[in-house]
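Going by the order they are written in, the chains are A, B and C; count residues from 1 in each one.
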Amino acid sequence: MTISTTSVVSSKASIGSNVRIGDFTIILDNVIIGDNVSIQSHCLIGQPTPLSDGQPLVIGNDSIIRSHSIFYEGSQFGSQLMTGHRVTVREKIEAGENLQIGTLSDIQGNAKIGNHVRFHSNVHIGQKSIIDDFVWIFPYSVLTNDPHPPSNLLIGVRINKYAVIATMCCILPGVQIGENSLVGAGSLVRKDVEPETVVAGVPAKYICRTSSIRMKDGSNQPAYPWMRHFHRGYPKEITDEWMSIYDT
Amino acid sequence: MTISTTSVVSSKASIGSNVRIGDFTIILDNVIIGDNVSIQSHCLIGQPTPLSDGQPLVIGNDSIIRSHSIFYEGSQFGSQLMTGHRVTVREKIEAGENLQIGTLSDIQGNAKIGNHVRFHSNVHIGQKSIIDDFVWIFPYSVLTNDPHPPSNLLIGVRINKYAVIATMCCILPGVQIGENSLVGAGSLVRKDVEPETVVAGVPAKYICRTSSIRMKDGSNQPAYPWMRHFHRGYPKEITDEWMSIYDT
Amino acid sequence: MTISTTSVVSSKASIGSNVRIGDFTIILDNVIIGDNVSIQSHCLIGQPTPLSDGQPLVIGNDSIIRSHSIFYEGSQFGSQLMTGHRVTVREKIEAGENLQIGTLSDIQGNAKIGNHVRFHSNVHIGQKSIIDDFVWIFPYSVLTNDPHPPSNLLIGVRINKYAVIATMCCILPGVQIGENSLVGAGSLVRKDVEPETVVAGVPAKYICRTSSIRMKDGSNQPAYPWMRHFHRGYPKEITDEWMSIYDT
């Protein structure tokens, strides 16, 4: 256990074994941190809020929270959470294991996130979003929730397994993005997206089946489902299964 | 008064009664903080700049500045300012009371902001913007100012009372957004928007009157003016007036 | 040399003469800082990464790094680097002199950046980008790199001399932006842009020659090349040359 002498750690926080806490980081009371977790410098962990209903922040084993990040109390994360720098994560997030949250991302709270999900930099996840396993969301994309802002009615976006939202997309309230689909960069998505289809544009329209997109690396192999060729950062038992399915 | 022992507070700063200052926060010289203000951890308050003409930063009574925020000297805010985390606010902002600035927002300085204005997360307010009372701006929206970048000519955007800019909009220099209007998500606004109208698209075009949008909560009531149904966070005397006007 | 007593500075770091280091800033081992450099508060400088191949972070003379910024080891910057607040800069950036990086910008690493380049606030530079001298990129614009995300194939964007990317543009992988061209605000650029042309829209299309855009300051002079009229922040020998070329 290496806890910086310049950090401020509450004696009420529950901290696992082999935890590292960086300089100028604050760990508040209502926090449960697993084993082998590294929390870097300048973080604020366990920010109180009445919206947490008193629930603690739970960070699973083997996680890394990079510098300048802020987590509220009342959210829970499985093992192997990995964040970039200066992420902001509010209350009532229920996330599975091996979630990656990129630098500057802003997770507004009150959302469900599956296993092995990837948010790249500067992603904004509105309240009431439901994000299934293995989803990818790329930089500057936003999941909205208010159909006539401002209002008290929040209708979340749902993103199904393996779907990919490319850079700078805006997904309107209540939209469902189908399994294995791809939303092209710069799209405004107003309607549900069918599984295994590509949509793009403002507003987003059907472009083609994902199966018709080919790799641009000279192989001319299918680029989707992306699990055919992209395995970095996933557990071996999962990538072994992908290799057997796609025979690559 | 609770001032963290790890904070760095200038003896030249003027600090009201019942002020809280969090860990690792810096308060510099040219700062006037009202009563009952809470400034959370890791903030930098009163950053000097020659562009301030020596004017102080003034934070009104009953304000909350959340962690990792940065305020320059030379701006002034009425009472009940409330910020999210890691906001950046430069010099020569004149803001009324009860302004809310969401997490990651970047207020570039040299702008006028009315009373009860709401900026959600990651809003960018260019210099020379004029924002009237009760305006709403949603995440990733930008008010620009340079008609042929880069140049020394800055022509600000003007947003009139009760207008709403939805998520991920870009408002071009000199555009005026009319009272009670709505700019739909993902719009690029090149021309003035008439009062009580909805525009959307790239470039934004007239869609309908705001009066024709209905609530999606099953009530089928008009969704605009939003003051009919949305009252959270406003003073009772104001919401009482709204209720009497709209008879809700 | 003014190094705050609340900063944490490695004895292994190489620090030039007349360097200022602000409160709560961390300088790690593998860092070389030139003379007359100011690093403000709450920064993290020299973040280690295996992707740096052991190379140091090099910050040239006369640089200013504003508060809450993060630099990884393994990048190098010429003299007169100037950043806004909370910039994030990863490894393997090779940048020339007098680079300006605006508040909140996120430089993903593995990129080449020329001399006198300007990134305004909240710019995202993907890996493999090549950015030539005197380029301007305005807020919320993103240079992407993955032609079929997620994949291991990264094809960077190339932006040639004096080109301007206005606010909230998304440049797709492998696109080349020609010298002296202008990409209008809110554009999605899928194809190469010819020199001295204006493109705009989603997707971006040819609008006109840059030479046909006139100043809106009443002079009716040509607005491009912008070096005709915009000189702020460049060395005198350069602006003298511009004045002789454009006879202004």
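Here is the rule we use: a contact is a pair of C-beta atoms (placed from the backbone, for glycine too) under 8 Å apart; a residue touches a chain by one contact, two chains touch by 3 or more.
Fair warning: this is a prediction, and the values are worked out from it, not measured in the lab.
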item	value
Superposition rotation for subunit B onto subunit C, Cα-based, multiple of 5°	120
Same or different residue numbers at the subunit A/subunit C copy interface, by half rule	different
Rounded Å distance between subunit A and subunit C, as computed from the means of their C-alpha atoms	27
Per-residue overlap in subunit B, given as positions that touch at least 2 other chains	24, 42, 68, 86, 104, 122, 140, 168, 202
For the subunit C and subunit A complex, residues of the former touching the latter	8, 24, 26, 42, 44, 47, 68, 70, 86, 88, 104, 106, 108, 122, 124, 140, 142, 144, 147-153, 155, 168, 170, 172, 188, 202
Residues of subunit B that touch subunit A when the two form their complex	6, 23-24, 40-42, 67-68, 84-86, 103-104, 118, 121-122, 136, 138-140, 164, 166-168, 185-186, 201-202, 213, 215-217, 223-224, 226, 229-230, 232
